[in-house]
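Presented below is the structure to which this report refers.
Letters are used for the chains, namely A, B, C and D, taken in the order the chains are written, and counting of residues starts over at 1 for each.
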Amino acid sequence: MAGNTFGTLFTVTTFGESHGPAIGCIVDGCPAGIPFDTAFLQNELDRRRPGQSAIVTQRKESDIPQVLSGVFEGHTTGMPIAIVIPNEDQRSKDYDHIARAFRPSHADYTWEAKYGIRDFRGGGRSSARETAARVAAGAIAKMFLKTVGIHIQAYVSQVGPLALKAAYTELDLALTEQNDVRCPDPVMAQKMINLIKKVRKAGDTIGGVVNCVVKGAPVGLGEPVFDRLHAELAKAMMSINAAKGFEYGSGFEGVKMTGSQHNDAWVIGPDGTPVTTSNHSGGIQGGVSNGMDIYCRVAFKPVATIVPEQDSLDQHLQPVKIKGKGRHDPCVVPRAVPIVESMAALVIADFYLRARL
Amino acid sequence: MAGNTFGTLFTVTTFGESHGPAIGCIVDGCPAGIPFDTAFLQNELDRRRPGQSAIVTQRKESDIPQVLSGVFEGHTTGMPIAIVIPNEDQRSKDYDHIARAFRPSHADYTWEAKYGIRDFRGGGRSSARETAARVAAGAIAKMFLKTVGIHIQAYVSQVGPLALKAAYTELDLALTEQNDVRCPDPVMAQKMINLIKKVRKAGDTIGGVVNCVVKGAPVGLGEPVFDRLHAELAKAMMSINAAKGFEYGSGFEGVKMTGSQHNDAWVIGPDGTPVTTSNHSGGIQGGVSNGMDIYCRVAFKPVATIVPEQDSLDQHLQPVKIKGKGRHDPCVVPRAVPIVESMAALVIADFYLRARL
Amino acid sequence: MAGNTFGTLFTVTTFGESHGPAIGCIVDGCPAGIPFDTAFLQNELDRRRPGQSAIVTQRKESDIPQVLSGVFEGHTTGMPIAIVIPNEDQRSKDYDHIARAFRPSHADYTWEAKYGIRDFRGGGRSSARETAARVAAGAIAKMFLKTVGIHIQAYVSQVGPLALKAAYTELDLALTEQNDVRCPDPVMAQKMINLIKKVRKAGDTIGGVVNCVVKGAPVGLGEPVFDRLHAELAKAMMSINAAKGFEYGSGFEGVKMTGSQHNDAWVIGPDGTPVTTSNHSGGIQGGVSNGMDIYCRVAFKPVATIVPEQDSLDQHLQPVKIKGKGRHDPCVVPRAVPIVESMAALVIADFYLRARL
Amino acid sequence: MAGNTFGTLFTVTTFGESHGPAIGCIVDGCPAGIPFDTAFLQNELDRRRPGQSAIVTQRKESDIPQVLSGVFEGHTTGMPIAIVIPNEDQRSKDYDHIARAFRPSHADYTWEAKYGIRDFRGGGRSSARETAARVAAGAIAKMFLKTVGIHIQAYVSQVGPLALKAAYTELDLALTEQNDVRCPDPVMAQKMINLIKKVRKAGDTIGGVVNCVVKGAPVGLGEPVFDRLHAELAKAMMSINAAKGFEYGSGFEGVKMTGSQHNDAWVIGPDGTPVTTSNHSGGIQGGVSNGMDIYCRVAFKPVATIVPEQDSLDQHLQPVKIKGKGRHDPCVVPRAVPIVESMAALVIADFYLRARL
């Protein structure tokens, strides 16, 4: 019950189904007086928009947001900000018996079993279309974070087996948005694009990894012992459709290290404040930000919607063959980049308020 | 502010510092009428207890819980259950200037910066001692889950570079508790123990991975879109001291697969209900349990407390040399096993209530 | 920060300002499978609608709701239900310096001081227009409660000094909606209407009291010790614009009684279940419903918007004269009836889910 | 489920039953660095303590608190503060069949029906003994509020029909603690004491009203639209055992006034900030504090435990005669004074943090 709100002080509640009239969100708790940048909001939605390139879903949505409240004379007022994004692509498909079947590795069966009723059109509420509302909310969080000097950037670091070896510190993240796959290494980006095109041609999908870096976060974000900064980041990221794994700092690789290798030594930095000489901690110690860059990685599985015929069950639990129609996303990670950033922004904004900075 | 409560309906709030009079918790929301098994509670605490074997910290604590409320005539009453665990090992150390220094990769600096004051004795609230309260709470969650047929078991799958290749389905998890490292493969267990002993001898530490399996969970646990079952599991696990990564089902490895490889086909199982022929989904689809085993993995970094001298800063931001005293935990994962189970139990119990099953 | 959500499991989040494009809400946590009655939703909004009679504000709003999500094939799906109600009466007033002044006993000064910015048009977010969103949410709560046999009815028991002496048990509540003031005693209703008309003619306003009765509630609603049923009812009612007091059962009068007079004796009722011979408890004992009627009363102050000139301060803290324009509500209670019912419905629905009935 | 926590940022969770080993609380979210005044904590508990005078319950409890965490070197650390208060008066009564019966107007029946099990000894969790934990938490909130110049004082304004006519502004509240009934008017106090003694002699009980005044609160406390300052105050007060009504500012009397009488005019005060010439608003406008005194009133019913024989039902729903043993509280309001103050302190502290002042 009631799992559609995220955050404690800077909160977002999302609504909407894939083929309903609209999706959207209410952001409650954004501080008053933040300049509201409508063009930026649209730009963020465009970064997530279907049909933006040849390697993403070709669903047709212009994703034009309507801001219904909470903004006055170009600034936030501290009141809830409601944003509605009308759905345009609601083709009057004939939803035959297949439409109600339980597609493999989708939410179809679990939601039908849980709720006893399900808006099955295009996946309904379980569709990744919901993430547009997150990006709208994340854009507002970013507007707030901008006023306090915090910047968030994500990029694709892996598609299928193709993985960047370089750490984010060795990359020019400014190149990220210059290619369709959003990988800041142009050579690797091309390989990834080729792989995605190949997978797509086969009517199949492939997984990937998105890395995210938060710069400019002050010391003190995170509320132990349960609401550790990275614990909320983990929840936020894992709540995105298709997410399967989360790690921050040294992550899973770090378990192989010894403490003497892994520990980040404290020294005085150029500006007189403490810095660590390495950052295996990922900018978080004891669940609280330490002033260094915060970075994490999110694994996404291959999208479950594929073209080739699969065995499954229908709503009467009878065997059925299911076949995709080819408008699916061959690889979720290019469009996941702004979603990951948005969730990071929501977490950081919330902890910024909770820390009373 | 106020980050010491976990859960929505089945909640736990923990308190206590490493060298204060006691640690403990309040569990609020446990259903009434659950048989309260005091011996089981003690046994769970014993599984986490310091000094239980040669490969864990040798701090002396008997960890005897006092149940102050919420239990009557051997059953829970639906009222908050308060448990206090007195601290015994509060040696009157001379806390010299080193004691107040900022140990590398500890919570020392971030908490001092955040709160302006810090009980530095033994790490205070940031000490892993706090996890004893989680295990007490988890024991209560397990008592509840037992009444609805849900069983949770964790085990160590990796210590440093030594990683089990077998999936949990290929292991006899009943062997887990038969060795000090809690790895169900006896041969690998011995290797892990040897490695930990070697690392310990060097005054160093090493990381590891704990796997966790939930059996018997019904279809329907998890509350999309933000409170997905695996999202809360991720938060729960990442809130444990030293956790660095979380994955469920196919996890980070799954990103290399195609959708046609990764999808779990639905068929009718032996008892007439739907089952999947594979379980890359880790028992969760669309954020909701699907009736299959739920499984996940948690990465733990090497403990930051080590013996060899390290460079750091003191509370006046002056350079200082820090050296450990040798009572630390050389590898956190053996004792993390009951903690991981406890956090899983708390998550599952909470969603069980939220699903109104 | 973030005070626009009410409820734990059955939740509502509202948004919107008086003169923005729309107001509305998201209801999250409504169980799936509830028949969604669009006509009933409209009817509930009509009961609160401005301009419905000669004794309420003459603002022109048709209050036609758009249901954007969470309903499929005529039933709720368990997903968040978003409702948007466009504002029609956004006259392009010239908002002169008076518009930004701090009207006496309004939210103007406190909100300006708190947020530093304020949508002053028509009171913005502090306008009672926000309560339309509550009535929409309450209508959904009522749809749910109807399926479990719970019925809620409010009525006006006092306008200024004109107070009904009869208890609700002595009245025919079916008569409530048959007059403009919503008082079930036709003779008293006429007196109240006359008083309101007189007050209105003077450009003034008058206070009143709304009584509310919940019938059919099962034993067990309410979650002690803080979330007592009547404590949440109190919060819910006091969160309505202009509410100044709340009492349930014997209320403030009951303090004059002795325990032997006040205690409600238990006997076996006609259907074999326990009932009390009196109901000073107002259907709630120990914070939990006892199966008897739940009843409470809510006091509303005279609306602060009046016609006669008043002294006040402008936003530069300079003295200013303020004069109303005559479209205000002379007495809030007739329109408060459906609002009070809505808040009661939201509270009862939430506790019904929390009690796992 | 899980209703034993109050607050959003400054939170308290209480536990404990009347005849269990102890009661207590965890306060989570108290800012770090607040001087912790142990003597004050004890003094506050003494104000609520049984047996403090001839007109309260004669249960024997010394109520000595043990502070288990969250305090270091005389200051709060920002960590959860756990306080345990051992129960001393656990006489080994023979709990015969009457003990399990459902006493009229007690929580006995509703809790038994709700939970199916109940610690009936002395009322168990539903006993007003739980309020000692609230007073301990309230003492901490007061320590915090003291550092920001906010002072809270409650007093008894009515016992049975004996009601003070004077407003708090006409009374010398410094006299409150100088008599057993805590009424600042010495003449009225003596009448109240006489009445309580008379009622007590009859083995009966009587109700009363507690008024509460908050001085020094800044502008800006309260989070509309649901978490209005007075809405949370209402919930807080109504969550106290035996509370039946709440009003603030002009309250129920104010409904008789017209807007032109009731409105509080803004003028510039002696120190150059806006003040109102009257304070019917009770220091709160639009749900947010306006800098004037905040004041409210709470009605308490006569305690349900009385000596004279009453008809009731036992746990098998058979008729039974119930008779009290004479240790009950003849009038709850003298001891309710510190409880009301504590709940007010918790609400104000929470909103202070939420307002980010």
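Assume a residue touches a chain if its C-beta (ideal position, glycine included) is under 8 Å from a C-beta of that chain, and two chains touch if they have at least 3 such contacts.
The model shown is predicted, which means the values in this text are computed figures rather than measured ones.
Chemist: List every chain that touches both subunit B and subunit C.
Modeler: A, D
Chemist: Tell me which has more C-beta contacts between its two chains, A-D or A-C.
Modeler: A-C
Chemist: Once you find the CA centre of subunit A and the CA centre of subunit B, what distance in Å lies between them?
Modeler: The mean C-alpha positions of subunit A and subunit B differ by 26 Å.
Chemist: Hey, how far is the Cα centre of subunit A from the one of subunit D, in Å?
Modeler: Their C-alpha centroids are separated by 46 Å.
Chemist: How many Å are there between the centre of subunit A and the centre of subunit C, using C-alpha atoms for each centre?
Modeler: The answer is 39 Å.
Chemist: Among all residues of subunit D, which ones touch two or more of the remaining chains?
Modeler: Within subunit D, residues 1-5, 8-9, 14, 114, 125, 353-354, 356 contact more than one other chain.
Chemist: In the complex of these two chains, what residues of subunit A are touching subunit C?
Modeler: 1-5, 7-11, 13-17, 20-24, 26, 28-29, 31-33, 66, 68-70, 72-73, 75-82, 84, 114-119, 124-125, 353
Chemist: Give the list of subunit B residues in touch with subunit C in this complex.
Modeler: By the definition above, subunit B touches subunit C via 8-9, 353-354, 356.
Chemist: Taking the complex as given, what residues does subunit C use to touch subunit D?
Modeler: Those residues of subunit C that touch subunit D are 1-6, 14, 102, 104-111, 113-114, 125-126, 130, 158, 160-161, 199, 202, 204-209, 219-220, 222-228, 230-239, 243-252, 254-268, 274, 276, 280-282, 284-290, 299-306, 308, 310-313, 317, 319, 354-356.
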